[in-house]
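Please go over the structures that come below.
One chain, subunit A, links the two complexes that follow: it is found with subunit B in the first and with subunit C in the second.
Let's turn to the complex of A and B:
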């Protein structure tokens, strides 16, 4: 694997359960993770847990509240608060599969990752490999999400994955993914049509 | 998908619901244009094969919202295509008709045990259960159709047409066809007389039954020209000159270039009171007629017709007292003596003038054409009685009744002799009646011999083949007795209902019948066929005769062609 193809560390685990986990990172590290990106956590036993970033959360604290309520904030205060504060940015991840002994499954892992495990952004090769397996069945996990803009998440993920597959000369992947989405969502007319509206918008960009 | 890609036993869908009464519901997996109403399908489920007919195609959707909007306008084209593929469907209504145990798969270890229990191949039986959910539905292939309708053998298993989608041959078992009365129906121009010609050719060629054809419009026996295409149409006499006797009604009747084998003149003594009573409607006879005729018959016996004809109307003589009274040769004189109202007798005499004037009714015919017809039929010949110039309703009713009554008497006697061990089994006979509604309408059915034949003569080896364009005019009790019905396009709702009378699954068949092509498509149904099926009928052309009679080289010239058709060549 070339240097540029390495997985990029983007944070460390704060808390986890089988179906999702949350990692934290510093604000200055925030230019890498993005909504819908495929990430993974490497466990001590060398197994890996894969997930999609479903939400990035920046929490407030009492200092921020005081600063926000002030009349004017000096630039150095803003910079200090952003880059030196002890409160991490939270990266929420939906678990979509795991790898054990070199084989990837789109089921939930037997155990969640542990705190302080390192979260990595998957490189394009890993993205292509993971998303091509098992008839793209990992997409079903996204439908579990409640009270979240699933359509936007799907659109963001498909856009990234489409780009990676097309760079690898695989334009069929996106077509299959669209069909898979329709299969998974066809019994939910309002949701499916919203997803298709988003995808249509995306394609027209 | 193109039509050609639908190879043998192509899967077209899978069962998703339904039942015996409500028909099976099948999700179509090919474009709807590749399956037509009336398509013959097979469904394999466990060890059974089910045979059914597509009776309806219906557009449906997972959610009606998907169908109610034009997806291609809202979404990117490829997304709209995928969405339509997965959410919009066509469902078939399949009427299951027959089922057959086919046993385990040949490769299965259970097959040999099953085969030991079933040494003979099971035959199809009326459907009594249903296939499983998701059983694959396939278009029947040639072998499936042959399994059900038989493999053409150029004898009694006669090819009448082919399936509409894939052109697989569909046969009719002529032996079964003649066991019960049957009917060929269709509006004018639907090709019913060509179909009738073809089936008659098949019957004559198979030679398992005699046929008597009342050829009202002179189109079956002699060669003619198609009114639609102008092509030469071969008559049955032309192709089966040894087997077919062409009989002309009345002395001196000729049919263009063709001479009849003999002519039919009816002796007055052959006419019975019953024959005249059957003309009640057409001669507008009164209620008193029966009494007068009975009196005539009881007094003059067989010669009643001649004697009544010889009586004069209105002649008087002067008696000793100088008063006028009916002359001894008058109708009134006889009536008075017989105790009949003279007015009624004279009115009847006048009305019967139409009969007395028929040239083919003679006191002393040159030969007994009537007996010759019966003898021909008993001798395994076929008779085409052409009415020549006598093609009006009165002649048709009188002559058909007269001959058929004679046939009934003869065949009943032969059958009784056969059952009592004194004779051979009678030759099955099919009486072919055109314009059948004139003989079998509600008013006439009770009077004519034909309704008796349709209902009861089966056991005496005589059945009817009715050819008509208005089946609704035929008495429903007769219609419901018809074994095999072959119907072309019918415009009138009542006619369609009449053809389907007494049959199960009428709802599905009605639509099928109503939507037949105006030409060359027919629906076969009834007792004589294993299951209803719409077919494209075989063409009555040169190829038909080559296929039927075989060993015939295709004609190379007009002269050879005319000769092949059995026509004299007038071109030189």
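Let's turn to the complex of A and C:
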């Protein structure tokens, strides 16, 4: 793997359960993670847990609330609150699979990652590899999300994955992914319609 | 039940009535003092002479002395330079307690260095110093008190600020600490130790003056009555009737509250503080009051203390006024300098951290060590949930 192809550390685990986890990162590190991106956490036993970023949360505290109501804030103090104060940005991740003994599964891992484990952004090779396996069955995890803009997450993820696959001369991947979504949503017509709307939007880009 | 609320409630009405009466009486005296202030300020030179006479004849004094400006005049803040540096420090401490398993003291100081005009986040530093064993014991062998450790903390704040000064800092440079500029004369501290501390503060200021660094102490909601004391001396020497009730000391805040417009400052006064045994080489301090409110009907006065040498240069006084007012306006619903608040936020030691440090120190001793001993039973039981 070349230097630029290495996965990028973007935060450390705050809390976790089998189906999802939350990592914290500093604002300085916020330019890399994005909604829908594939990320992974490497555990001590060398197994890896994969997930998709479902939400990025900017926290506040009483001082920030105080500043928000102020008339003007010097640039230096805005930077102080963003870069110096100990308010981590929370990255919420949906678990979509794991790797153990060299093989990748799209099921939930036997154990969640532990606090302070490092969260990495997967590089394009890893993204292509993970999303090609097991008939793209990892996509089912996205559909179990409740109270979240599932269609937007799907669009964000598919756009990144489509781009990575096309760069690797695999233009068939996206079509297979769309087919998979149609199969998964065949009994939920209203939702399928919304997802197809989003996919149409994506294709127009 | 944590309190006998019924008992407190029985006395609450009576207390409220007493407080209301106190306020009425204070306002009456404030009116008398305001009239006296108008008269005294009409001839500032005479007022200065009266204070100088008191300085030479009274053994102890704590009052305000007007300098060049008319004592009742107020001044708007000038425009700030586009680039300048604000260096603030604030500290907190752990005071040794005989009730704990191990007696130790610690001071924790936060320093914030803001280069205005750079667009860069401030540089922050946190200095945590475990005190030497000798520093937590007084000469008579008893444990150091809250005041002893606070004195060490105040001195360290000033020294660490001095250490932060470098030629790279964008001029002008203003250093700010919370509280009076001179080390507060705490009654609990042996006078020799207090004198040594005051002397050190004096020397530190001399160094700052040599390198052209400004310093200020910021006092929020000040309670001192230096103007009342000044007017009492004026009344005594000039034969004016002084408001009689000594119990009702009218704070400077009350006297000046409606005389300073939002954003403006009072005239600069010198602090005349005289006690038996004061060192000769002691920091000479001046001050002004600043209305940090933006609403005329609700004045909020803060006292800003500055070294006397700065008070002699109106442009420097103006810069300090403008810089601190602007910094206080960042938190405009509760105006207080943002940089000082951040230094405090950095420095404050919470109970959990106290216990972590204690555990770290305890781990340096073998089990059953005679030094570590046990927590007092009282302290143990207090910790029960």
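The working rule: the second predicted complex is superposed on the first by the 205 of 205 C-alpha atoms of A that agree within 3 Å, B and C clash if a C-alpha of one lies under 4 Å from a C-alpha of the other, contacts with A are read in each partner's own complex, and residues count from 1 in each chain.
Quick note on the criterion: a contact is a pair of C-beta atoms (placed from the backbone, for glycine too) under 8 Å apart; a residue touches a chain by one contact, two chains touch by 3 or more.
Remember, predicted model here, so these are calculated numbers, not experimental data.
*Asks:* Report clash or fit for the pair subunit B and subunit C bound to subunit A in the combined superposed model.
*Replies:* Aligned through their shared chain, the two binders fit side by side on subunit A.
*Asks:* Can A:197 be said to touch subunit B (first), subunit C (second), both, or neither?
*Replies:* first
*Asks:* Could you look at A:75 and tell me whether it touches subunit B, subunit C, both or neither (first, second, both, neither)?
*Replies:* In the superposed model, A:75 contacts subunit C only, not subunit B.
*Asks:* Looking at the overlay, does A:17 come into contact with subunit B only (first), subunit C only (second), both, or neither?
*Replies:* In the superposed model, A:17 contacts neither subunit B nor subunit C.
*Asks:* Is A:166 contacted by the first partner subunit B, the second partner subunit C, both or neither?
*Replies:* A:166: touches no partner chain.
*Asks:* Just subunit B (first), just subunit C (second), both, or neither: which does A:83 touch?
*Replies:* It touches subunit C, and subunit B stays clear.
*Asks:* Just to be sure I read the superposition right, which of the two partners does A:189 touch: subunit B = first, subunit C = second, or both, or neither?
*Replies:* In the superposed model, A:189 contacts subunit B only, not subunit C.
*Asks:* Can A:60 be said to touch subunit B (first), subunit C (second), both, or neither?
*Replies:* neither
*Asks:* Where does A:135 make contact in the superposed view: on subunit B (first), on subunit C (second), on both, or on neither?
*Replies:* Touch partners of A:135: none, neither subunit B nor subunit C.
*Asks:* Once the two complexes are aligned on their shared chain, state how close subunit B comes to subunit C by Cα atoms, in whole Å.
*Replies:* 48
*Asks:* In their complex, what parts of subunit C are in touch with subunit A?
*Replies:* 114-116, 118-122, 124, 329-334, 338, 341-342, 345
*Asks:* If you look only at subunit A, which of its residues touch subunit C in the complex?
*Replies:* Residues in contact with subunit C: 63, 66-67, 69-77, 79-80, 82-84.
*Asks:* In the complex, go through subunit B and note every residue touching subunit A.
*Replies:* Those in contact with subunit A are residues 62-63, 65-66, 74-76, 78-79, 82-83, 86-87.
*Asks:* In their shared complex, at which residues does subunit A touch subunit B?
*Replies:* Its residues touching subunit B are 175, 178-179, 182-183, 186-187, 189, 192-193, 196-197, 199-200, 203-204.
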